[in-house]
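Here subunit A shows up in two complexes: once beside subunit B, once beside subunit C.
What follows is the complex of A and B.
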């Protein structure tokens, strides 16, 4: 094949072009890294969490996990494989100790030990599967309802705190916390943003206010938790209560909401404001009819996302609103209606924290942690999705 | 040229806006200097002049739109509309703006339906009766010569209209609150010649019922439309008189230079 003739515009290599290719590939690689990390987190939680949330029998969703309160788990291990397992485990430990003592002197003996250990391990795995198939698991309620407990000569009875039952109260508590703090944060933030963007006079004071509001978002969440504890729980005397949690979460979300609302209102063309003012509207009428409706999509989505983000924080509710365990659902056992606001609730992030760090870890808590995380992700995703749908709906109504 | 005392003459027979020694400043920058003139009732008065000469600022003083801008002040002088000093403390800006409507340079229909745009001015006054709104919407759209074009799509978004239609809609919207005076700030500057002709025709027709003050860059437009013309330069009123006189026989050499296109 003849070499094509070179002309004025034919491709020539140059250092700039090499850099360009390298740069693009670097950016691409980094992006893939981020995507991979995110995907790993989601897949890990989804795979491990779905064990707790879904089941193989109809209705395929573990309603017990989603509705019941956390309980102590009673496990009856079948003694037969259990004892064998203990024995095998001891053998393996002894073999490993011998192998270690051998050092590097006898390669042949070392290899023999290795084979022996691995055969013992496979044996253990089969026995473990047997044990899992044969064991009986009861939540505390079920255990109490049993007419006769399994035969102690055949089963070994063990209990694990927080590993049975479900996370129903925590789901309800988190939803209540999110809804309440959305209401408080949106009304506070929106009114504040309206004043800042529409009424206040620009100048140094406004800059200072704006800066301090934005700086709020840099404050660590534990500080908000302590603030809420000092302010709402102790000073206002609300105690550890839902309303204290609402206000603490709302204040945490305020910077995002104020910034988003201001941004969104400032993006509304001046013509709409002038047009309505020139028709004899008062400033508030003009804002209400000709600024807010168009700014709403830009306000709602970041606000709800901000709340959903804040609702995932453990620190702010740890001291203000969350109980590690609460038997009753929020609407049960109220002496008077206002008590509803002044009760502590369970919350998913705090539950994850408790189950992961406050109780001894074992194979049963693991399902609980992942299951809770999975449900929590799902709820946050649900709020995010609904805010996006809301935006699409509102935006299609007002377009310019 | 300090000796030029802005002429009030020719005094219209029935002045509706009287401006006396009016000064206006944005912070420390003075934008208007000692302006005195009378604007006649049910006449079209054109304000012309090069960019930045203060004609738009002056126009926005008539309905106190400049109140929206921070740090504006009026060092001295007054503007009277129907005999009332509009910068007096006891004037309600809302009431003033109902009587002095405004059409902006960039057409700004609200992103609502055509019907809602016209009805807006009435709705914010608390008028909700459908029959009344219907009749006003039709009346205003007919008044702005838009009715035949849009009567079948009143519920469609106003933003789907052409640029010229949007501007006429803005005029119709201003008519809905029944103003006496309509201020127009370069209403045709963003329109093509055909749309401009339609808007001009509309303004011409509105003259018999409304007092119109129009700021324009387009001198032919001023000549075609207006009864009187005022020429502004660097914040000062240089010459004010019947349009014919300003264009055919200006007294001031600067006016002559401007209207003949030598600067501006």
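What follows is the complex of A and C.
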């Protein structure tokens, strides 16, 4: 292609401009790398997790997975294809070793090996399909209900902890933990913020409070866990319980909520308060009627974000509230109503930790692992997204 | 004033405020006080965190000091000194095995068949070196094993005694409680007493009358019968008997005597060392006869000889160290703290000595943070510059909420992703041939510092991005305009005016990102490989790919399993204290940077 003739006034390339363009694109590349990396995580978990959560028949959602308790999974592999598969696998490994030993000396022999291996692999695939069709999967309940177990001479029996059933109690537990900690954190945070924005005068106390809030936000989550364990679980004697988890999580969420509430209240124009005071209202009345209602949307939106983040934390509830496995739902088997608060619960983040570290990764455990991660990501993402969308809406609604 | 009041009262108009007085305060100031007191919640919480961490961790120094004392008194420390030459010898052995493996590799590369190779490798002179070398140390190993067993026995007996003494104390307390005339046991205690009596009945043959009475008492305890005199005498008798029995089981340990077994046999130890020295010398002399026909290998064998000479030369020093060792040398109390802060081992539940050293965990945490920041700083700051300075409004309005959304991804989900996808992907990538140029590839471990660091970078990027973007956004507009006015291009303006002006904010953003990374738990617990060892920094860049453990990870992993109140439990709280103060320090640093370097002219 001939080079087009350049117009006299057209911009001429120069080294300076090239570097400029290069640098700009480098920055752009970096930004999009980050975006894509995060997107990859979302997509991977959504694609693999949806296999566990959705199904092809009506009602299209695997209600069993979402509502049942986690159970041990019993798998019966048909022995015949299984043994054949093992044998074929061994053959392939041997051939590959031979091929490797051959090096690059003998191209013809190498090609022969390659053909042999690929034919073995196709054979394996058909056998694998056969195995999948023939295998039996039972959750623990179903297994116990069986009148006769499959013949051990034909089937290989394997069990995988936590991999059967569903994650119902974990979903409920997470929701309860989030609701309780939201209530505690919001009420405490709001009180603190009202003082900071309406009553406080600049001085030593104010500085100390601000410094503490700032430092509290930087404390590692595991330290909050240790603190909650030392204070609520041991010192108050609450044991591993929901209420200990509530307070631990609420304290973690405090800095975000205080900062958000204060900022939101400070954004209310002075005139609102002065107008009310001029009409003879007391300070508290003017705060109650003229500041809080307008600040509330602004307080809520970042608070939801703070809660979304706290809901995602595992370390603080590890020793304060979460059980790896609990057969009863929180409202079952209570002797007295207060027991409700003093029981440990299952929680999604802790469940993810358990299923991704304590059980092996294979085709049977995969659904449980990805499914839990997907549901959890969905819940947290829902909170976060609604917070972001709400904020955009609030910003465009209130302008003064 | 009073005249005014009277005047207003007379005219019937009341401008004065009615006061609801409660403890001398009106309603508004009560409300103010209420809010004020709740505002201090942050201060209170910080204080409580400090108090409770110290409350649980406080006993650590004392119990660790005690454990160190036992370590010295029982002679385990002496045995550990004895073990030094053995460990050196094992290292030399590994070196030799390595040489042999390399030799076989080189022979293979020459295209020899298996038979030819084995003929060369098992030739008498080669056999002499490679196989008999290991044997030269067998006597030494046996000797040390014997001493170690003796020391462990002494220490274990000592600990058993302590436990027995505690049991006796419990018995004494119980006896005292039962002998009170108004003793009225709770249901739990009653059943415990009943159980104890039942066991007593089962294990002893008693006269008819006694067993009859005992059965009655048991029935009474299990039923609702009041706690009578008969039950009291029986239980007291039983408790006293058992307490006495336990007391008798205590065989006092005399450390001064037991140490003689361990430090004895000096002469035979010296003979063993001398013999070993002679053996190694003969072997090394014979080694010259092996024809490697490979300069690199010969060099390594030569080096092996040198290392051996060094090893043998260290014997006198080693003996001197053994001679100086003193069982009764007191351990100063601060040694426990030093041993914690600078200890190189974190060994728990071992049959010898438990060590609680911070360094492996601290170095692991720092290594992972370094890797994470290596990625997060350029990407986070770069993205902030791009979004604030270069991107259009639409792009900006999409990317900023997106990054905020990313910051809400739970860490355990990222950790899970690391376990199932990212770690495996890195290992597979490292196994491709085109990656072979990287010195430490292919990787053996899929979970290592790099896996965790790479994922943590993704968690730190939103923090760094948001704060850095804020800092850049706060640069006054006229900075930029002035720069444009003197003819600077957009890139020049950004890099030479905007970024330097926002530098304090960016640095503080990086520090807070660092704080987030070092305090993160789940990702490092799941993806860092959980090997408790100081990373081998002599490995060059390969150190990034070693499995490590971190401060946060160890707490999360071991807290659930430790016995409450044990040294191990308290050690975990000590790690928590260190973490807490590190995070406070980082926070203060970030605030200080912002305050100190804030540009004038904002």
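Keep in mind that, in the parts below, the second predicted complex is superposed on the first by the 345 of 400 C-alpha atoms of A that agree within 3 Å, B and C clash if a C-alpha of one lies under 4 Å from a C-alpha of the other, contacts with A are read in each partner's own complex, and residues count from 1 in each chain.
We take it that a residue touches a chain if its C-beta (ideal position, glycine included) is under 8 Å from a C-beta of that chain, and two chains touch if they have at least 3 such contacts.
Because the structure is predicted, anything quoted here is derived from the model rather than measured.
For A:60 in the superposed arrangement: first (subunit B), second (subunit C), both or neither?
Neither partner.
Pick one for A:382: touches subunit B only (first), subunit C only (second), both, or neither.
neither
Just subunit B (first), just subunit C (second), both, or neither: which does A:277 touch?
A:277: touches subunit B, not subunit C.
Can A:200 be said to touch subunit B (first), subunit C (second), both, or neither?
In the superposition, A:200 touches subunit C alone.
With both structures placed on chain A, which of the two partners, subunit B or subunit C, ends up touching more residues of subunit A?
Greater contact footprint in residues on subunit A: C.
Where on subunit A do the contacts from subunit B and from subunit C line up?
On subunit A, the residues that contact subunit B in one structure and subunit C in the other are 282.
Along subunit A, where are the residues that touch subunit C in the complex?
Interface residues on subunit A, with respect to subunit C: 16, 19-20, 23-24, 26-28, 30-31, 33-35, 37-38, 41, 44-45, 188, 191-192, 194-196, 198-200, 205, 208-209, 211-216, 218-227, 229-231, 234-235, 251, 254-255, 258, 282-284, 305, 308-309, 311-315, 318-319, 349, 352-353, 356-357, 361, 366, 369-370, 373, 376-377, 380-381, 383-385, 388, 392.
Inside the complex, what are the residues of subunit A that reach subunit B?
Interface residues on the subunit A side: 201-202, 269, 271-282, 285, 289-290, 294, 398-400.
Where on subunit C does subunit A make contact in their complex?
27-28, 31-32, 34-36, 38-43, 45-46, 48-49, 52-53, 55-56, 378-380, 382-383, 385-387, 390-391, 399, 401-417, 419-421, 458, 461, 465, 489-491, 495, 512, 515, 518-522, 525-526, 552, 555-556, 559-560, 564, 572-573, 576, 579-580, 583-584, 586-588, 591
In the complex of these two chains, what residues of subunit B are touching subunit A?
63, 65, 68, 70, 94-95, 97-98, 101-102, 104, 106, 108-112, 120-121, 124-125, 157, 159, 170, 173-174, 176-177
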